[in-house]
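You will see two complexes here that share subunit A, one where it goes with subunit B and one where it goes with subunit C.
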Partner chain A sequence: MSIKTLEIVRKRLEERPEELREARKKGQKVVGWTGYNVPEEIIHALGFIPVRIAVGGDDRLVEVGARYASSKTCVFIREIVGAFAENEDPYIQQTDFLAFDATCLQNYRAAEVIEYFFKKDVVVLAVPRNFAEDDAKTYFVHEANEFTRLLEERAGIALDPARLAESVALYNDIRKTLKSIYTFQAAKDNVISWEEVYDLIQAGELLDKHEYLSLLHQTLAELKERHHNPVIESDDGDSRIFISGSLIPRGDRKLISIINSVGGRIVGDDLWSGILPHLDLDIKEISPAGVALGYLNRTPHAALPYLNLESDRRLKKLHELLSQSKAQGVIYHTLRYCDPFTFKAKETKNVLAKSGIPLLEIHTEYAGSDYEAMKTRVEAFVEMIRIKSESVQEEAA
Partner chain B sequence: MGKQLFRYSEENKERFLDSENITFNDGSVVTPEEIWHYLTVEAPVKYPSAFEINLYQGNRGSRDETLPTSLKTRYLGLTFSARMERAKDNGKSIAFIQGGQAVDPYTAADTIALRPGLVNQWNNGLEYGNDINKENLRRKKSKEKAFHDMSFEACQTGGYEHVQAGNLRIDVIAPYTVLRCSDVSYGVEAHRHGPNKDVKLLNVDFPLRNQADKPWAIEYFAKNLRRLVQTLDEVTGRTTTEGDLLQAIKLHNEGRRLGTELAELWWSADIPPTNSDDRASLVSLGNLETHGDVQASLSVLKEAKKFIAERVKNGVKGHAVIDNPKRLFILGSCVGINGSRSEDAGAIVVGRDDQWSHCSSLVEEEGDPYYNLAKTTLEYPYEQGIEKRAQWTIEQIKKSRADGVIFIHNWGCNTQAAISRPIVDIIKRETGIPTYIHERDLHGLRDEQEQNRVNAFIEML
Partner chain C sequence: MSISGNYFAGVDVGSLAAKSVILKDGEIFATGLVPSGVNSVESGLNALNLALETAGLQKEDLTYIVGTGYGRVSAPYANKAVTEITCHAKGTNYLHPSVRTIIDMGGQDCKAIRIDQDGAVVDFAMNDKCAAGTGRFLEVMAGVFKVKLEDLGAIALSATDTVPMSSTCTVFAESETISLVARGEKPENILNGIHHSIANRIAGLFSRVGIESDVFFSGGVAKNSGMKAAIEQALKVTIVKPEIDPQLIGALGAAVIARNFSKKEGLWA
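On to the complex of A and B.
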């Protein structure tokens, strides 16, 4: 029996573009944002409606984007640029201005190209590469203040600390509730699938935040009603897959549907389009600086280089999530020309091999032409995991 | 039948012997006699590939026998590998850096700074006796290995494979993470999983987006420069002072000034005084890092300026330059077109943005040297946003009187590729000059197809 609230979420998503149009008629402004370190709470607290710019899976738009940003830019950014060129995406259409960050250089280049060709107003937040150093944090605080100033200019008001406190509390509550819901998807007798939770997380990138929080509470209540105490352990014959690597935005479900079609069960992810950005965000002070540092101190994005393998927090988090979800194998998704993740594929595989966790890298684009080839590889991997887990169970018996 | 090799003609020997010595960092000198002997006797045996007459020989600069400094840059190039080995034997510290950055802090800290191309050059020179085909095969094999260890979408691997295998004794990987580049900082990170635990790693964090006007960004980059110098000092065991940095800035400013003057002299001539490769090899001396020896570069540069001035005054034409060639300005990242083959097609390369951007950026000598260096670096025209960079490029195109512009980017160089179209768009709009964008294929092969396209563009001009 499916979760009823998820139906409501789907319906509300269908209605959302029209709602945004109406809100804009009443003078509200919509900010399209993208970037791992964009402090969304600040946008929200200034009275803007934040929507995340993240679309994928459309090879035609990738081609269009390549005309402006070259065919050597990552597939995701090409599609984003293509979407701005066509201006048919209902959310992109509603944006008054954009807020991008420079966590990934390609994201930054997208800002430049969109600004140049499509005359969009883009506010850019610079992000230090040496993010773990104290002077980098000081620099980032300055950048966050500057980012806030540029947003205030566009809002025509100054940021009110009380409003910021409200936004931070709201977002904290969203993150906390999402985390609770996420536990259910990995549990035995799962009453909600990872795929459903993933869609739910991405719905939050578009819906009104207050409404979204109440929908999350409703979802959680339904889940608790069915399953008081979710226990994470594998069901017989499960092939528990964890997805890592380049983001998988809305519109792109190729890999996910392949994993499902060959009987793999996804039980976790550390995608920046998934649960990762909602974890470990600790805002210690209600100010632009406090919010920005909360973001920077989270598990870092792969686009920010870190030079010590042993103390790499990204890998530590991956291990932690793998163990929490009791995943048996990782499918590491890399998009064409996504340097932050492709450069680390082999390293991640070697690191996980030491803990006995197999990793399969799937390097792909949004074209459908590699579907069968991907399916064959994923199928073999899922099967390998199943055999391995069955033999472990037999040994234990 | 053996390959046909190019030889320097004895006819020009006298004139060459009259030219000046090269003086190196360690105070040693090499005389023109020794250079001539090396180029005519030793080098053709050690490096037949460099003397092979072959369509794919990218560089013909060395063949302008009546331009002594051109032979000297060739000498410095061919002895590069042996000189780096010797420097290491003598305890000198060597750092890996990024293309397109100045090396003042490395000079101050008594460290040789090598960008990816030079790291490869060092490795290439370690094996003797190869012809061009064998050399290409060897390079490809080691690249395959590095691509396998890093990512096959890497534009280049910065000698990762050799550093990790211990074949190249590089002490520290410490490039600026400039905006131009999508790959180098990930390349630095890749070293963390290699077997060579002795090599130190540091990203000198270059913040993005119109940062030169932000005091906090300059401060931040200045702190990164201080950390860089500290890291270099940890390797050398010395203490680099602010005074050392100021001295290095002054030295490099002299190089930058001379390099700029030389380029402007070249542009002022009605008849191109050198071919494309000679121009590039002489102008790039201005950054003083090209040959892994700052003083050697400076001494050749000073002499080169005199020779070019003489040629311009007497209307002497460069080697193999045709009458009224079409003048090309090259944009993009870390790659260029094949100069000699483009000359055969009727063109000449009159400038590039890469390398030139920081050569033409002088550092203020009064005040805190770290702050000044940080400020200038953040102002590099090449590293600015689309509009600013395009405006600076247009100025260079006008100064060089270019007839056409080619934006070429390396395989896997996402950040340059991404803005190639807007940059040429602005140039076309504001100058009316024809432009062409070329994407180099995998592994950077200078293949027929690339040259055919370049030739078609030249023909169109």
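On to the complex of A and C.
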């Protein structure tokens, strides 16, 4: 039986573009943001409506984007550029200005291209490459203050610390509730699927934050009513898959649908379009600097270089999430020309192999032409996990 | 290896050929190999019927059928579908239990597969979606030189030199080949270069999964002696001599898996 609140969420998403249109008529401004380190709380506290610019899965828009950006740019960025060129996306249409960050340099390039060709006002938050060093933190605090100043200019008001505290509390509550809901998707009785939770996370990129929190609480209440104590363990015959790698934005469900079609069960992810940005965000001080440092201290994005595998927090987090979800294998999704993740595929595979966790890299783009080839790989990977699992069970018996 | 029981069949529908193997009492009883047509259901049935005819059996005599290959998704005659990666692993292990690494080159893709002592897949990698390093690529090249596909390998082996081929894209390689011919390069030397460029590309696949002896070469392209030699050189290995037509390995694996499924489902003891 499906979770009733999820139906409400889907309905509210359908109504959301019209709501944004009405809000703008009343003088509110919509900020389209994208980037791993954009401190959304600051945008929210200044009275803007934040919506995440994240579109994928449309090869035609990728081709349109390639007319403005290099055809060697990652397909996600090319699609975003293409979406701005066509201006048919209901959320992009409603944006008053944009806030991008430079965590991934292709994201930064997209900001340049969109500003130049489509005359959009874009505020860019610079992000330090050497994020782990003290100087980098000082630099990022400076950039976050400058980012806030640019937003204040556009808001016509100064950032009120009390409003920021309210926004931080709201977002903290959202993150906490999402984490609780996320536990259920990996649990034995499967009362909510990973796919449903993933859609729910992405709904939060668009809906009003207060309403979203209320819908999350409602979802959690429904889950608790059905299943008091979720226990994360394997059901018989499960092939428990964890998804890692390049983001999978709204509109792109190719890999997810393939995994489902061959009988794999997704039980976790560390995608920056998924649960990862909501984990480990600890804001110690209510100020732009405090929020910025909270963001920078999370699990870092793959685009930021870090060469010491022993102390790499990304790998540590991946191991932790794999263990929590009791995943049996990782499908590592890389988008064509998404260098940060593509470069790390082999390294991640080797590291996980030491823990006995197999990794399958799926390198793809938004065209449907590789669907069958992807399906063969994923199906063989699921078969491999299942055979291994059956052989372990037989040995135990 | 000997397994007892009834008749089990594996049907492997690839992009260029459809293959079938029937097992009886753990031994290969009959095989079928036909060119694939546009209708993969028909191609699979043609291959299966050929093996049935050779064996003097009816389809009803078969206890269990497993379909594999790209045509496995439309194989209504099969009890189950299994990927060709798993089937090549099982088929190879059935014939050559010491093999731990498989190179499978078919009509439209190429796979590097690592297996354990039971024939279970440990790791694998496949070529990207283009035709480089596949049977189709070699078919195009045979067309350029107007020679039979099955003669390509022997011609390459008669080369006195290796003309480097910079492109593995089928379309670009075709035009590069035409340029090399116009430049006066000998066909056998160009073909030798083509085989080596494919072999080097395959070596790239193995950098992802690793190589462990013994190494086996399956799929239709495995019948090409020039490709076998080029791969042995690129990977610095000696390939195990196949006991049967290497193009039948996927179908054989499917038949072995059919026998296992049948046992698991209690259809025979």
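Going forward, the second predicted complex is superposed on the first by the 397 of 397 C-alpha atoms of A that agree within 3 Å, B and C clash if a C-alpha of one lies under 4 Å from a C-alpha of the other, contacts with A are read in each partner's own complex, and residues count from 1 in each chain.
Basically, a residue touches a chain if its C-beta (ideal position, glycine included) is under 8 Å from a C-beta of that chain, and two chains touch if they have at least 3 such contacts.
Owing to the predicted nature of the structure, the values given are computational and were not obtained by experimental measurement.
By the touch criterion defined above, A:Asn350 lies against subunit B but remains apart from subunit C after alignment on the C-alpha atoms of chain A.
In the overlay built on the shared chain, the residue A:Glu166 is in contact with neither subunit B nor subunit C. In the superposition on chain A, A:Glu19 makes contact with neither subunit B nor subunit C.
When the two complexes are overlaid on their common chain A, residue A:Arg129 makes contact with subunit B while staying clear of subunit C. Shared-chain residue A:Tyr68: touches subunit B; no touch with subunit C.
Legend: residue contacts after superposition of the two complexes on their common chain; A:Pro340 is shown touching subunit B, with no touch to subunit C. Set side by side, subunit B and subunit C differ in how many residues of subunit A they touch, and the one touching more is B. Contact with subunit B, but none with subunit C, is seen for A:Pro305 once the two complexes are overlaid on the shared chain.
Shared interface residues of subunit A, touching subunit B in one complex and subunit C in the other, are 346. Put simply, subunit C touches subunit A in their complex at residues 70, 82-86, 109, 118, 120-124, 126, 128-129, 208. Those residues of subunit A lying in contact with subunit B across their complex are 67-74, 77, 102, 105-106, 108-110, 112-113, 115-117, 124, 126, 128-130, 135-136, 138-139, 142-143, 146, 305-309, 336-337, 339-340, 342-347, 350-351.
Put simply, subunit A touches subunit C in their complex at residues 346, 349, 358, 361, 363, 369-370, 372-373, 376-377, 379-380, 383-384, 387-388, 391. Considering their complex, residues 148-151, 153-154, 177, 179, 182-183, 185-193, 201-203, 205, 207-209, 211, 214, 216-217, 219-220, 223-224, 385-387, 409, 411-415, 417-422, 425, 437, 439 of subunit B touch subunit A.
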